[in-house]
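Order of writing sets the chain letters: A, B and C. Residues in each chain are counted from 1.
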Amino acid sequence: MGETATVLREEHIEFKKPNQLKEIWRRLKKDKLAMFGLIVILLIIVMAVCANFAADYEAVIKLNTKIRLQPPSTEHLFGTDSYGRDIFARCLYGARMSLAIGFFSAVLATVCGSLIGAMTGYIGGRLDSIIMRFLDIVSAIPSTLLALAVVAAMGSGVMKLCLALSFTAIPGFVRIVRSAVLGIADQEYIEACRAGGTSTWRILTRHILPNAIGPVIVQGTMEVSTMIRTIATLSFLGLGINPPTPEWGALISEAKEFLRTCPSMMLFPAGMLCLTAFSISVFGDGLRDALDPRLKS
Amino acid sequence: MKKYGKSLALLLSVILCLSACGGSSSSGTPAASTPAGSAPAADNSGRALNLSILAALTTLNPLNSNNLQDTMFFQQMNSGLFHVNEITKEVEPRVAEFWTISEDGKTYTFKIRSNAKFHNGDPVKASDCVWSFNYAMGNPRINTYYTSVESVEAADDSTFIMHLKQPNGAIFATLSNYNYILSEREATEQGDSFGTKLHTASCGPYKLTRLDGLDSYWELEAFEDYFLGAPAIKKLTYKPISEASAGLIAFESGELDWYIAPIANWDALSANQNINSELVPANHQSYFIINYTNGELKDDNLRKAIAYAIDKDACNDVCYSGLAEIAKYMYSPAYNIAAPEHDTYYEYNPDLAKEYLAKSSMPNGGKMSGAIQCSAGGYFEKMAVVIQQNLADIGLEVEVTPMQSATNMDIMRKNEHFMGVSGGTPTGDYDGIRSWYHSESAGTSFIKFNAGDRFDSKWIDEMLDKGAALSDVAERQKIYAELDSYVMDGAVYLPIFYKVQPYVWNKDLVIPNNYPNFPQVAEWSWAA
Amino acid sequence: MYRYVIKRLLLMIPVVLGVSFIIFTIMYFIPGDPASNILGVGASPEAVAQLNEELGYNDPFIVRYVNYISDAVLHLDLGTSYQNKLPVTGEIAKRLPVSATLAFGSIMLSLLIGVPIGVLSAVKQYSLWDKIPTGLALLVAAMPAFIIGMLLMLVFSLQLGILPVSGVTQGLKSYILPVISLGLPYGARQLRFTRSSMLETIRQDYVRTAKAKGASQKKTIWGHAMKNALMPVITVAGTSFGALLGGAIATESLFGLPGLGTYISDGIKLKDVPAVLGGIIVFALLFSLVMLAVDLSYAFVDPRIKARYAGRR
């Protein structure tokens, strides 16, 4: 049985080769929901990048109190907010900020967290203890509170927020990867590799990490939307990005006061946030399935 | 497949059961099951009045806080020697039955009511008043209101004498919300812990009977021995709700009987026939601060350019749905004794703003070296954003930096801010502006008039003292008009609007007067 | 095993010290001094200076930290709140049950939703039993808890009038809405982890073997696969529970629950250093205990890990 396992794994660890990528893509294409997610993400990214062509930045900040809190119309596709600003333009430009924060913090946390998690889980011993103790310290501080305190101490800023947020998310990744690794590291084929003299780095990157990739992708994609939502929560508590810069969380927070009188103000940014987070997640799920060779029929 | 369907169904039914149980156990509390307006015909005499404030209490010692939310609560539980009616501006006797003022205007002799009692049953004596006044004068949180009091003494058990440093026509208004009388015996017995736990050392219309922490829930009962007669409503409950939208839902679902509603919902509320509502202008001004000691703001023309660039109507629209009153002066003449009207004020005039800008050190506009700061999340932040755009319209580029309230206050008090948005509650007499203008209150105000040679701070101090020493309101107004236009001409404090209180209350509740700042529950009653 | 537990308990000391040090440092950099904060707007500069001196604000950073820690350790005294002069220890003791009830309820609800549906959707991968719950879960997970909370309020309190909006005065009933508004997104999260972990497991060889040997589907799933798929489920539930003890700030503040999270966040806003430090230290202690419980539960699920724990001294 040990032998079969080895053969199986050897097959899939080579997934980086071009023909393997093609294979993954082929499998991914079959998953309609994942493709839907991918298309939506790409669309939103394109929208965010090309926001200038759809609306002038002037429309994002220019106030006009004569047209406050209007429902959607042909002139203002998503209606106007309490300052009389165009919500469509604000959502569009808001996508830039939210996506940038979400992706940047999540990628940073994923990369750092997975590497640390794999290393500490596999090598174990003293290194494991030290790293885990330090991460215990970090994870023993609630992330929103840590971000709040950091913002209170340093003042708010996009970069500072990103760093504080990803820092607080790292322990989560470490724990998940580590627990996956703990389950794998004892398996026969790893021991076979070790006995065969394969270097630790190679075992880590070629055998261990690929096996933990499922949970990591799931967590990583979830994290993008978590980050976007954490910023929204910070905005809800009154500490997000400085106004009048649009960001979905800020738009949602501004809208909460008018939830009952002008629901469109909440509907569109919240809808875009949900749609984005949803798309990222279904894409993540699909990718995870596609990466897993055991689904090959 | 079938099996999972079964277990799903089981799960669903468990959830349904749980929520059903939650629902059925609810009917016990009368407050929750009576939606606002649809009153039961039953007799209301024993009905509890459910109220809320926006934050946890910081203390139960009324002489240890000047916090607005605390004061809303203290007013029901405590009583002072006297009280200035917020609407009529008349001084009403409370613990003091009457008083006399010496000819030089410096000695006030108060006669204590013989039937005044503390909630613990002790009679109110002059010695309690002496203790309370001395305590307040020694407490930095509120002693700013006592600056003109020299000393106090008890002539006998029912005669209390207050000596002033100089005559002060504003003393009643200044002390109105801060001259609570406490039981010396009980307060000293509780010592350091006084204010943190349940006490009966107050002598107001309602007596505290239950306290679930300062942050959760508390109950009061009508004090039957209250010297003005026991209030009509026999029981009050309070809980803090910091989220205004949640508070409004609590009111609409009948959990609360009275509420200061969020302004965004006013249109629907004022049209709702099932509730009572009244929009009352508050004695509170929101203002913009330009720190004239900082960078390019030293330039008078630049400050005036800013002053004329601010669209107060737009601020009002965005912050208060256009329902607030545009402010010409820092102290509203409508609610403050001796508050003057004069011709030095700023109205939105972008052309004039551009003219001043052209004469200033930044003739072509551009990026300013500092930011507009404010505490985050509330309408001050919105106002900052509006003003940011107003300034952009004349070519001045400036950041808005919302901060946590303590940080914001700290920077402003140290006068390290550039520009900012804030608000304040006057005492009811123009003399209260002392805490903004007087050089001795420099640690608390956001502009130091003695920091440079732009303002003659000595003259400002003199004018304040001169005005306070007079008792004739017209004469005081004349002096204050001179002072106020002098400060206004410097364009450092720019009043934007006086906010409004969107009061809403239960149809069963009779409220004779809606005061601008502090509701007086003792006057309220249930409809027959 | 016992030695492992004792070792882990001892290791909590550096964690708590580390947490308190990090927070103490951050609070140090928040502008403002305690006395102006305590004394408020009317304070004279002299009174402020004097009180700051009494509070030891002028001592060097390290001296202040050591003083604080020695008080906390030797006298179990977390100090007195600057804001309301109440002892921090007592305030936390009062708020902890509120946070614990909220966290426990939410996690229980998240497990009730997440685990069965997660298993179901893994077993029926690609069927409608998979796609619909997963899709819904992803949608719910995308919504910030405070938005769910506000919608619930509008429906259950305003429209139906059956549940209270704010405070804890109506006992457990007060917790229903907050628990749902946190339990839904956490349940969605749990669902996804359960599903993906279950998928991993049912593709493992021993499950195939069990199936091949003719074990019933029910027995394979619940008997073999579930036990192994449990680890990530426990991890997620444990971390979430721990985090919610102090991290449910937006929900606590929306529903007016006097919990630990709002205590700390209000403390940060008002620069109430003793409240923030005390709150976070207690939170860190509890969180470490929950994490220990999570790690121990691994041992019960997986004998190999138990062996590893026992092997370590």
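One rule holds for everything that comes next: a contact is a pair of C-beta atoms (placed from the backbone, for glycine too) under 8 Å apart; a residue touches a chain by one contact, two chains touch by 3 or more.
Bear in mind that the values here come from a model prediction, so they are computed numbers and not experimental data.
Remark: among chain pairs A-B and A-C, A-C carries the greater number of C-beta contacts. Put simply, the chain nearest the middle, going by average C-alpha positions, is C. Each chain gets one centre point, the mean of its Cα atoms, and the points for subunit B and subunit C are 36 Å apart. One simple way to say how far apart two chains are is to compare their mean CA positions; for subunit A and subunit B this gives 44 Å. Centre-to-centre spacing of subunit A and subunit C amounts to 21 Å, using the average Cα coordinate of each chain. The set of subunit C residues touching two or more other chains comprises 30, 150, 154, 253, 268-269, 271. In subunit A, the residues touching two or more other chains are 152, 237, 256, 259-260.
In subunit B, the residues touching two or more other chains are 245, 404, 407. Contact residues on subunit A toward subunit B in their complex (touch as defined above): 61-63, 65, 68, 82-83, 152, 155-156, 237-239, 242-244, 256-261. Against subunit A, in their complex, subunit B makes its touches with residues 244-245, 262, 264-265, 267-268, 313-314, 317-318, 322, 375-378, 381-382, 384-386, 388-389, 392, 399-404, 407.
Those residues of subunit C that touch subunit A in the shared complex are 11, 14-16, 18-19, 22-23, 26-27, 29-30, 131, 134-135, 138-139, 141-147, 150, 154, 189, 192-193, 196-197, 199-200, 203, 205, 228, 231-232, 235, 239, 243, 246-247, 249-250, 253, 261, 264-265, 268-269, 271, 276, 280, 283-284, 287-288, 291, 298, 302, 304-305, 308.
If you check the complex, the residues on subunit C that touch subunit B are 30-33, 36-37, 39-45, 47-48, 83-86, 91, 94, 112, 116-117, 120, 123-124, 129, 150, 153-154, 157-158, 161-170, 172-173, 176, 218, 253-256, 258, 266, 268-271. Across the complex, subunit A meets subunit C through its residues 1, 4-5, 33, 129, 133-134, 136-137, 139-145, 148-150, 152-154, 172, 175-176, 179-180, 182-183, 186, 214-215, 218, 222, 225, 229, 232-233, 236-237, 249, 252, 256, 259-260, 266, 270, 273-278, 281-282, 285, 288-289, 292, 294.
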